[in-house]
Amino acid sequence: MRIVSADTGGALLDENYNPIGLIATAAVLVERPYKTAKLSIAKYSDPFKYDLSGRMALKDETFLALKLAKKVKPDVIHLDSTLGGIEIRKLDDPTIDALRISDRGKAIWHELSKDLQPLAKRFWEETGIEILAIGKESVAVRIAEIYAGIYSVKWGIEYAMKEGFVRIGLPRYMTIEINKEKILGKSLDSREGDLYGEISMEGKEFEWEIYPNPIARTFMVFEAKS
Amino acid sequence: MRIVSADTGGALLDENYNPIGLIATAAVLVERPYKTAKLSIAKYSDPFKYDLSGRMALKDETFLALKLAKKVKPDVIHLDSTLGGIEIRKLDDPTIDALRISDRGKAIWHELSKDLQPLAKRFWEETGIEILAIGKESVAVRIAEIYAGIYSVKWGIEYAMKEGFVRIGLPRYMTIEINKEKILGKSLDSREGDLYGEISMEGKEFEWEIYPNPIARTFMVFEAKS
Amino acid sequence: MRIVSADTGGALLDENYNPIGLIATAAVLVERPYKTAKLSIAKYSDPFKYDLSGRMALKDETFLALKLAKKVKPDVIHLDSTLGGIEIRKLDDPTIDALRISDRGKAIWHELSKDLQPLAKRFWEETGIEILAIGKESVAVRIAEIYAGIYSVKWGIEYAMKEGFVRIGLPRYMTIEINKEKILGKSLDSREGDLYGEISMEGKEFEWEIYPNPIARTFMVFEAKS
């Protein structure tokens, strides 16, 4: 099974470890044996202008997943919304009302589906590829999350080269290693079976450190300074 | 404390990683230091005829646990139903109604208790051994789950020798290693403190692989081909 | 960020692994990189007289945290109550009623806040240090929990020297190692990023063992005998 997925993560943190805004959306192509991405692309946000209260992320993720999917023609697309794997093209208002999710979740999906449902329907008609709301059940979504963390770190290193310092909150239970010209991200959840990702990076001179976020157990903080 | 427990698991999977049916029920004797089984037995189902919607499993598990318990005379029997450790012989209708579980759980137990309550009562009167609905709190239940995965793999290897190929979904966060004439199963949850199991197997020629189930995060897939 | 936190844990267990009472409250000073304590103190309870039904723990923890905080002047105090990080000095009755917690949780806090709210208010007025109900989100609370386990083991070793034997249930998913004159406690949750603690101990002759609690999955048991 060839899966395209996307997720958003990595948060610029202030000095009290509170998030200022999210940094990167990553889309990945995941193939057997489903431990890492065969291909990945990223789109950066401006964390200083990020609307943390909004539902910007899922739309960004859908667009980026479609961009990659048009190129690599996967069997299926997995989005990070945990609705039991339902097809987005089927999410009309009565179907959303019948979902076993919170009222807030329903309100968000009534709004989101206005754009995403016709988009998914058209994409399916043209390509036969389904877009599924599978969320945390999907290994591909988790790999996309790890890549979002890796790309956030890449962004952070460039930011630190210019501004002197950066502090980033990584996605849940993942850590980062930097070797020469690679950024490696690894799941810290032993139950996931060694999921990881890596991207290359131009050689730069900087110090970095990774440590637990004191106010968000199981989340790690990445810091770099030039 | 000497504990007998039983659990069912390991699912034959189709090409889309959807379960066709469950494979094995395992009963185990677990003694100090409670990391593996001292003794285990298994009963196989026909996964092609398995009623995934039913509650077949818990009855099979009770019968298999009793079979082992009659032989090894444990101090207690643990079943995989999370009702706070209540004694099965006490599960009459008013007691079931007073449990803090879902209505669906109550309906299932009203049905199940018709058979299991008198069985547990008789067994307790004859032997003094209690049968407890302790479920996920029990390490013995988890060890039984790991053995159900191991026996499923054993079944799968034999199936692959005849049919050429098998794909099995293992119980939650466990992995398999095969060395010469042993099948080893290990918990992937670091918090559990290194629970494992192993059974012997006749030497056979086959290829095998283990990897994350792409649509069921924290679950692994075992494949073998002859 | 310099954080003082406190937690209570480690339970004396009977022969059926049921808790008799809790053993130790630990307060810790946690600083960057937030993996262990820079300083720790403990207060022991009498587990044979412990009221397991009560809410004794949180008061003990607050008093011990304040004792340490007066000495080390941290930036903030973290208590083990998961109320989203709200300041204890703001917990008046209408605020408690507005919390999104269970009715039982509200009843407990209506009672607790009578003592703790004025105490926190006075401490904040004098020092500017906030006391937050952050609970399981805090790495410092988790480190305090690990230290409570370590001090319980220290108590247990002394108990076993006098009484011959001790069996202790450790706080959730942590394990203990004893080397020469040190007791080392380590988180078993791989997602937490290697949290640990250690205290020194006078050299003593005893045997010890650690193994999974058979009726409390992910909890370990420590035993010592002289």
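So that you can tell them apart, the chains are marked A, B and C in the order they are listed, and the count of residues begins at 1 in each.
FYI, a residue touches a chain if its C-beta (ideal position, glycine included) is under 8 Å from a C-beta of that chain, and two chains touch if they have at least 3 such contacts.
Just so it is clear, the model here is predicted, and its values are computed rather than measured.
Of all residue numbers used where subunit A meets subunit B, under half belong to both copies. The two sides are thus made of different residues. In the CA-based superposition of subunit A onto subunit C, the rotation angle is 120 degrees, rounded to steps of 5. With each centre defined as the average position of its C-alpha atoms, the distance from subunit A to subunit B rounds to 35 Å. For subunit C, residues touching at least two other chains, in rising order: 189-190. Every residue of subunit A that touches subunit B in the complex is listed here, in rising order: 1, 3, 30, 32-35, 85, 134, 136-140, 142, 189-193, 195. For subunit A in complex with subunit C, the residues that touch the partner chain are 16-17, 172-173, 175, 188-190, 209, 211-218, 220.
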